[in-house]
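A single structure is presented below for examination.
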């Protein structure tokens, strides 16, 4: 939707440029997240991780990518062909669409034009992201079903059950934030977190009493992205590789990318919702004014991704029943309690 | 113009999806067709300015209800449906009834003065607006809905639980 | 600029599709999906009429319909699972202990 | 802020919700081997308290929650009626649950919570709330129908009920949508003022579609096909509940929707549906051998009689509907309570042959069932007689001679199959050995209550009739 | 003691004492003897109470006596309105007279639960009395329907082999027919706002209620209900079945009282409310009645079964009643009423006697008997008297009624009289032939040799019946005194109606006319 002082043409052009940049950054980030993961896990396990391809193995992602592209693309017999192909595309495209709604910073002035650092800003961005992530379940579920393999099916079943279950807790954990900020717009949420108490405690939501919500969100997000300790849908010891057992080559790469880009999205959201987004000390020349928020934001995202990897290297996998009861019997009541307390406090204060 | 084009595109998608829902024999195809219908309806809602509803439509319908359907289909490993003859009552009463009903609705719609064109988003269904209504005028239904959901949860547990 | 009646006609068509599906489909889950399709069609009508009357209450109604549909889906699928467990079929013609 | 009187106007529902939750919360706290019969007592207490609360409401009539509900004579009447039905059904279930190994907590919880829906249906004046309440009561009963989980027919009946019920709900909703389109409002009284300025075709079709939806709920023809199957498969006390409670509530909604809105163009719909219901119900019942199916067809026919009163219209017709709903509840709950007791473990004994010789084996039970049957036929001294008489009289008052003739002929035909039950009980020799359990105290109390209500309505209907008349006047204003 | 105090309550008492007794019986322990004694006491008490009616009845007074009228239900406007005139009073007495006898004759012959039998019997008595004393149409219908169930149960539970078929047939026939009456009643209420018989009658007579084309249907609605109950010729098929299968007491009450509910209804409602229609329809009704007389007699003649024979004879006798009613003459109507009473007594006696035979031999087949006069002389004597009474021998009760009916019929139309009179001859044929086959000749069956004659209880049952038959034959004036004014009221109402020119808007009863004249004279006098 044309906004501010931009004409339609410039809006379209700016959008295309933004999309290109964001996608490029995202895909690179995804690639290097994989590298980072291998590296960090390696160090946690007293290994080196990738070292051969490029300095510190920095070119490893490139090699991986090449390998994916040139692998033979196998389609097993007896699969439901249409859905089998659709599933990874669905998964990847949903995760890419989600990132479009994430703002990376305030708007910047380029050549007299006020361009927001975000592909789309809507009033209900958060809702749309929730909607898209809920659609993403189809990718996993359909992959599991269409492969016509029992491992895949079980993985798909687990994935969809798990994602639905944790989505409830995830959604509820956001309600506290929404009550505090009073908007669905991610931009608005960040703006509501600017400023500090006593000059040094930032007014982030996590410090406004949403730390329980924050932890619920983190845990639910791990489950939503099928990460350890909630990676039962692809638990290799039981299910070979879960829903993507039968996938290979680029189709497998799509799932892979979808998973990591989801991680990035989730990390971005966590930063925006709980840690103040791109807020931070801004100083120096105008160029720094423009870049520093992006830097602060990237820092937070990086932190979350690191935690992801850290957790993966540390924690064992849950059992399936533990996973479910954890969601319904622990996270959900906790989230509801958090919502109620937050609402009560807000109501009493006003 | 753009509005009409978008309406037509999503409308056609919705109708095709609906027909596909009936035409497909495998439930999972039907389910996905329905998801398509729901998605295009979400777009229609946006065209009508109901932005909150559009999002909720995707989250609740496509993202929750239909996932449940797909989940159930997978769980039961339901195959393509058998072509049995079906209930005679349904055919004898249902089809003529449907025809009569459609004619009646069509007649009513033709006679109703709803040809008015309403500009895009003239009624802006923002989250705030709906929220205000929900927590004021529609407070009681909103609260009572919790009873409904409680019953549904309880029922689902009771019915689907395996007897020891 | 799209006349409201276009939306209503679309809604009516979808509703009719739902009814037809309910009548001719021979799988309980698909039959249930047809019902969901009908509810969706109704929702579109509500939103269109809400625009027509400039009354937000029509949209609120849709909100409630969705909640109810979700509750219905939970119960309905549980029932279907239970039926499948006892009868090993989803064909309503074979679920015939009670003659219709 | 919401004034505190609003909560009083919602008090019966609130009490039911609290007790419904209480029952469900207490059950898991009891150990595996503890006696769970106390749960029934708690549920009963909830129902009774809500009835008392309904009586208490008489001092607090008026609208509440931003005109969502109206508490008036009409709604209080239905509140009390539904509360009584729930209480009696709970009483009648004490032994049954034990016998059929049904879990107590959920059962009582569902009964109480779906009663909340029914009560709200009778007081709601906003289609949104009516819809939600309708769904609460419907979904509750869908689940209850499948509660005999080790019996495939029970879950099958639940499925049929669910599918057709939701189908009907969709029609109801479409009707509401068109009504909203015709008037721009979903509030019954706003709709009334808009419609008073002239109705569009949309309103006609809307009313027709809403009637289709509600017709399913009250099991009136041609929307009745689910009834026999569902009633046969569902647990007998649940059938007692769902053949009366939701039906009464749906009739209340129908009354509000048709009369309070002064909606146009439904007369012939109702007329045709009444004739069809009576005829198809009675003809269907003639050949039934299963008592629950027989009663199911009978309930279709009874819905037809009530619709006759609808056609009669205005205050006298409305009061006839209200009175009939009460009488019908008394006799039908009673009949199903007896059936549930005789059905024994696994509902094995539900055919007429199993009732043969009951007059000798269990004279008391047989006598009670006889009275309920006589009431269903419409024999004097019972509520059924006066109810039917009142209905036909109302129709005659509105010069619907044709409808009355069809109705009275139907009620004469109906005598045959009700009589068959009596004939089997007293005049046939038993074919096989059918054990009759000792009558538990709670069931005895519930039967006595139904019996007392049936006779009371048949002999001293004055107070209830006056009350029904007052309710009717409130409704048409 | 001033017995007038009791006047407003006497009808309620008579009606509800048996019901109260029946309800008390519910609480009784299952000791059969106590139950029987109690039932007997209650029914005799009712009879004694009902004797109050003829004692305090004022024969010359027009209208209803012992009236009680109280609002029962406000909306719809239903009154608890009771009262008797000459017709209904005697029918009440007939009922209360027969019931104790029924209790006595059932002393040993109940096959099934005894307690319920007597409860049903007492409830039935209440309902039947209620039918005769109700003056509110709703109340009338209420009791009318209420008689169905106890009777159906008496037949269905305590009857013989094909009892279920008979009970269901009886129930359905009468039930289906009576709903037409219900429709009629509702129509009348819808147009007058009242169920009260007198109010409606006045409304019709004064012309404030224009029946118009509906009157035909109203007449037919009421008529069908009553015709089935009587039963008139094409509707009679339930009667033989019901009689054959019913226990003795059931047969007695059925023939003795319940059939009279039909003829009473015709008299009270078809004639009372729609005199014009009655006149218009009289030809075919009379034709049916005569067919019933002759057909019933002929069929009775060929019956091999004693009870069936008596049942068909009832069809024949009740034909006389209808003939009398629709002759529209005072003599005919008084005769009709008298035939009702006489038939109640004599047919009751016949069924009682047949029942006694059944108790001994468990069969009703005439061919099984023969020569009983030798083994059971007393019984034979009773039977002979009753047979003669039924045939209509002068000095016995049957004669008076039939004579009056026939004279009335003659006055109306000679053909009616002649055809009706043949019925008397037929009845002599079949009754005497039956008597001859059963009591005279040789023993065809050895079982008959050892039959025991009537015992004391049975005599106690029979004596009142025979005595009543005699008294009614010798002193009919006791009865007709009260009946005649009521009959005259009908005929006079009728005449005004009959003489009215078609198209005249309002009908005025002669009484109304008279009061008008009186009023005018008073005005002019002042």
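By letter and in written order, the chains are A, B, C, D and E; residue numbering begins at 1 in each of them.
We adopt the following convention: contacts are C-beta pairs under 8 Å (C-beta built on N, C-alpha and C of every residue); 3 or more make two chains touch, one makes a residue touch a chain.
Just so it is clear, the model here is predicted, and its values are computed rather than measured.
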A correct list of chains touching both chain B and chain D reads C
Output for shared partners of chain A and chain D reads B
Of all chain pairs, the one with the highest number of C-beta contacts is B-C
At the largest C-alpha centroid distance from chain A we find chain E
If chain centres are mean C-alpha positions, then the most distant from chain B is chain E
Averaging each chain's Cα atoms, the one nearest the global Cα mean turns out to be D
Chain-centre distance (mean CA atoms) for chain B and chain C, in whole Å, is 6
Between chain A and chain C, the Cα-mean centres are separated in Å by 33
For the pair chain C and chain E, the C-alpha centroid-to-centroid distance in angstrom is 64
Chain A and chain E have mean C-alpha positions lying a whole-number Å distance apart equal to 94
Expected list for chain C, residues touching two or more other chains, is 8, 15, 18, 22, 32, 48-49, 52, 55, 57, 60, 64, 68, 71-72, 75, 79-80, 82, 92, 100
Listed in rising order, chain B residues that touch 2 or more other chains are 52, 56, 64, 68, 73, 75, 89, 101, 105, 109, 112, 114, 137-138, 141, 145, 148, 151-152, 155, 158-159
Chains touch in the following pairs A-B, B-C, B-D, C-D, D-E
Per the touch rule, the chain B residues reaching chain A in their complex are 28, 32, 35, 51-52, 55-56, 58-59, 62-64, 67-68, 70-71, 73-75, 77, 126-127
Within their complex, chain D touches chain B through residues 2, 10, 17, 21, 24, 64-66, 68-69, 103, 106, 109-110, 113-114, 116-117, 120, 126, 128-129, 132-133, 135-136, 139-140, 142-143, 146-147, 149-150, 155, 158, 178, 181-182, 200-202, 204-206, 208-209, 222, 225
Chain E residues touching chain D in their complex are 72-76, 113, 116, 138, 141-143, 145-146, 148-149, 152-153, 156-157, 163-164, 167-168, 171-172, 175-176, 178-180, 182-183, 186-187, 189-190
As the complex stands, chain C meets chain B at residues 1-10, 12-27, 29-30, 32-34, 36-37, 40, 43-44, 47-52, 54-57, 59-60, 62-64, 66-75, 77-82, 84-85, 90-94, 100
In the complex, the residues of chain D that touch chain C are 127-128, 131-132, 135, 139, 142-143, 146, 149, 152-153, 155-160, 162-163, 166-167, 169-170, 173-174, 176-178, 180-181, 184-186, 225, 228-230, 232-233
